[in-house]
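Each chain carries a letter (A, B, C and D) given by its place in the written order, and its residues are counted from 1.
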Amino acid sequence: MTSPVPLADAIAAHVHDGDTVALEGFTHLIPFAAAHEIARQGRRHLTLVRMTPDLVYDQLIGLGCADELVFSYGGNPGVGSLHRLRDAVENHWPHRLTVHEHSHAGLANAYSAGAARLPFAVLRGYHGTDLEEQRDIISRVTCPFTGEELAAVKAVNPDVTIIHAQLADRDGNVMLWGITGVQREAVLAAERAIVTVEEVVDEFPERTGAVILPNWVLAAVSVVPNGAWPSYAAGYSVRDNDFYQQWDAISRDRERFLAWAEENGLAPDSVGGPVEPKESTHV
Amino acid sequence: MSEWTSADMMNVAAARELHDGDVCLVGVGPPNLAANLARRTHAPGCRLVYESGAIDARPKKLPLSIGDDDLAATATAVVSVPEMFNFWVGAGRIDVGFLGAAQIDRYGNINTTVIGDHDNPKVRLPGAGGAPEIAAAAGRVIVIVKQSPRTFVERVDFVSSVGYGPTGRERMARGAGPTLVITDHGVLEPDPETNELTLTRLHQGVTVQQAVKATGWPLKVADDIEDVPPPSDEELTALQKLRNREAVDA
Amino acid sequence: MTSPVPLADAIAAHVHDGDTVALEGFTHLIPFAAAHEIARQGRRHLTLVRMTPDLVYDQLIGLGCADELVFSYGGNPGVGSLHRLRDAVENHWPHRLTVHEHSHAGLANAYSAGAARLPFAVLRGYHGTDLEEQRDIISRVTCPFTGEELAAVKAVNPDVTIIHAQLADRDGNVMLWGITGVQREAVLAAERAIVTVEEVVDEFPERTGAVILPNWVLAAVSVVPNGAWPSYAAGYSVRDNDFYQQWDAISRDRERFLAWAEENGLAPDSVGGPVEPKESTHV
Amino acid sequence: MSEWTSADMMNVAAARELHDGDVCLVGVGPPNLAANLARRTHAPGCRLVYESGAIDARPKKLPLSIGDDDLAATATAVVSVPEMFNFWVGAGRIDVGFLGAAQIDRYGNINTTVIGDHDNPKVRLPGAGGAPEIAAAAGRVIVIVKQSPRTFVERVDFVSSVGYGPTGRERMARGAGPTLVITDHGVLEPDPETNELTLTRLHQGVTVQQAVKATGWPLKVADDIEDVPPPSDEELTALQKLRNREAVDA
């Protein structure tokens, strides 16, 4: 992998109906543009994995792309509910969504186990919670040295992980910084990884806390400036908090949501243009 | 004395529980307001840790999400989310964890997952997030939640984060558990013997009877109820500045 | 912890006879000066933990500071044997040294488990090796989801971990970069941590790959320029490969080794001066 | 044709096994020389990974240790040692692992730990290091070791890294195991049926009889022994430059 490809080509080549797909980014660097391309191409029966489904999965769920959801916190941070997620779970609209839920610690460790190609991870967690009833993904193991019982989570290994990053270099290596969340683990846990980046540079700058991913663990890199909108890319844009607020009203009503999707060309047969980030979010 | 609301009082009372040197895991919503209020008032040396990975964050404005760039930019260190939960939260390095609740029972068990049945819920709530391990591992847990019979229930529909367990005696975790529940009515603390949440303090203008009526189980009331001092002008001014997102140099 | 303290005070306060002590640094940033201070203060009955004992533990072992050694690779890299380590194991000079040995993967995971305050870690390793006979530190667990059997290592939690870093800031936070090895995990696994640094600065520079440790996980910081000699500190010194070569001859013979220790003031009753790094190693 | 030694031949033969695009885990000693030789000659696009954490290192000179600053400074990324072993080595991202040996048996099991009894050894060797997991997880393992009856033994005193197990049938690991053993005499490969190391190639000037005499078990010899082409001038020049630690721009 060396040269960037158009995002539409990357999604067409690597995201298939029925895949387990992880789009990661903890508030920061959420790969919205890639999600919109998945919707536009009409992918169906996906198992979506993400610690914080956020607006990005609310949109994909509302558009009917997902059959299952693996997650740990499904709210609109600081605003309220994810109405499309709720409508799918509570009313099966547009169809039933099966949920598998973790704590943050559990899902973060499940990705880490996946990145190490281990079948499970051990953590101190879940004890006494009803989350443990999901025996197929949360169990217990006993320490062979002390006899202490600890939680075990099944590894997560997505077919494809997609992230957004600030930079790629000419060789297709990728660099991200700021809040880097669980992106490294999610990429390394996947069979294939796609990265959208703000820009391509000759040489990476020095950035404390940066994560660098060598090109040989990536399936495709696409240059998508502002590809995280309405989330943000530190150094490139600020979070569009207004849109996060507006989403509450857009998503609350099925018709209004569908109109929004149509306007923004997010249904395979829609006539609207692509989602356009507001200029004001650039820094 | 300025005017203030019960929400103000709840945030101020929570902030007062943080002290210089405390390492505090800050979640979204009221905890975020309370922790930043403490840092702007009596506890400038408390240390804010966000589950997004920011350690010793010193946000200039009130962050709107726990992943704001200001947190990373002002933090001493930013770590990955797996590292945050394994090496910092799970390892017991957090002194104080603030949590919210959609439902809470008399033993401090918390539901943030569903109202109704898990697989066919009446209301799907956001879910567990970072709370289960914060509830288990933080030195002490402070729950901030408005008191009502719908929220303070006989039995939570789903245990998302464990307090003292179904009968108050099943806690098997590192930290001390929910040592304080701060509401818009007053403060509840676990009984030293039974761990049953007991009303121990009241905010100004609230009666014991009101607190009892706002609770979905027969609320235990301490013999000596303390009065919570009302918000000071300094506290109210700082709170207002935070809500207006005015920048402050740390 | 905010103000730096003299190294002698830090060692006196935090390293006690009988302690389990980890000095970490993978080729780079090995805390030699701190080790020499431990020798100078005459600590005894230590359990030394380190992935690569290197010259630093060859010296402490030869000086009789250690009763036990936990390690994964005990050679003089690119040169040959650690003669003092060998003499202790093979001939019990100056006394018997009990060894507990891991692979790199095993010991790295044992530190990671310690840093998470978990009693053990799971890894894919050890299978079919005789290292598994050390049942008190290496065992097996079964994945509760797949039934696969995997290796388990007992957590390592040193009483004190000591590392060398490039920088501290005025608040006593610490920053290191370059090859950072297992230092973060070793520090977080310890009850107490001491860091020697090249210098104190007002503000940390941007450095990709840097590890930053907040002051509240550290027991003491001491300013010891060139405290890693004959190892190196990226940006401050280069590895003194000549000394690594010379060590082979110095350490091969007990008398010559003792004379070297005496000359350099490394025995509690020795009259020599402290070890002086050669000027040529500065960059 | 320049003059060359059996050690040169061993390093050159090892280097030739690396190809562009191979991800190679490089250890100290001969593997370091072989991997850097490959990168300077026919395989400039092979990727060097060092267990110290350097990924895609492009050292300008031959590094003297696996933790030289030049490795970190020229690498695409530097990761922690736990991450290196968990996410890169253990996860099976290494195509080729080079290993050395103090003893090796006919099924490619390797001892680098002790000669004699583990608790009272005659000779204490350095120990396992990164080898056990490289031996298990690398796509293919290439052992570089000089051949002698003291090294090529009937039974290793201690199994530090597993090849094909005690009888050649006990390998339970991700990678293909020791697919090549490159010595100063020639090359041994596991028999496709039994996994017994079998002499398949000889270096110029070495006889089958010499190889058999240098082996501590009755050495199996392939029907068609291939001749290893001697080092080319280009290979010898690059090798000499590496040994002299002459810098090369990558």
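Basically, a contact is a pair of C-beta atoms (placed from the backbone, for glycine too) under 8 Å apart; a residue touches a chain by one contact, two chains touch by 3 or more.
The structure displayed is predicted, hence computed values, not measured ones.
In this entry, C-D is the pair from C-D, B-C or A-D that repeats the interface of A-B, since more than half of their contact pairs coincide by residue number. Ranking all chains by how far their C-alpha centres lie from the centre of chain B, first place goes to D.
Counting C-beta pairs in contact across C-D and across B-C shows that the higher total falls to C-D.
With centres taken as mean Cα positions, chain D sits 57 Å from chain B. Put simply, the C-alpha centre of chain C and that of chain D have 28 angstrom between them.
Averaging Cα coordinates per chain places chain B and chain C 41 Å apart. For chain A, residues that reach two or more other chains under the stated contact definition are 112, 116-118, 123-124, 184-185, 209, 212. Annotation for chain D: residues touching 2 or more other chains are 77, 86, 90, 174. Viewed as a contact network, the protein chains fit none of the simple shapes, being neither a path, a ring, a star nor fully connected. Under the contact rule stated at the top, the pairs of chains that touch are A-B, A-C, A-D, B-C, C-D. Here chain C touches chain A in the complex through residues 116-124, 136-137, 139-146, 148, 150, 152, 154, 175, 204-210, 212, going by the rule given at the top. Residues 28-29, 51-54, 64-69, 71-73, 77-78, 80-82, 84-86, 89-90, 109, 113, 118, 121-124, 126-133, 136-137, 158-162, 165, 170-174 of chain B touch chain A in their complex.
Across the complex, chain A meets chain D through its residues 112, 115-118, 171, 173, 184-185, 188, 212-214, 216-217. Against chain C, the residues of chain B that register as touching in their complex are 21, 23, 47, 55-56, 76-77, 86-87, 90-93, 174.
Residues 26-28, 51-52, 71-75, 77-78, 81-82, 85-86, 89-90, 101-105, 108-109, 111-112, 123-131, 133, 178-182, 184-185, 209, 211, 232, 234, 238-239, 241 of chain A are the ones touching chain B in the complex.
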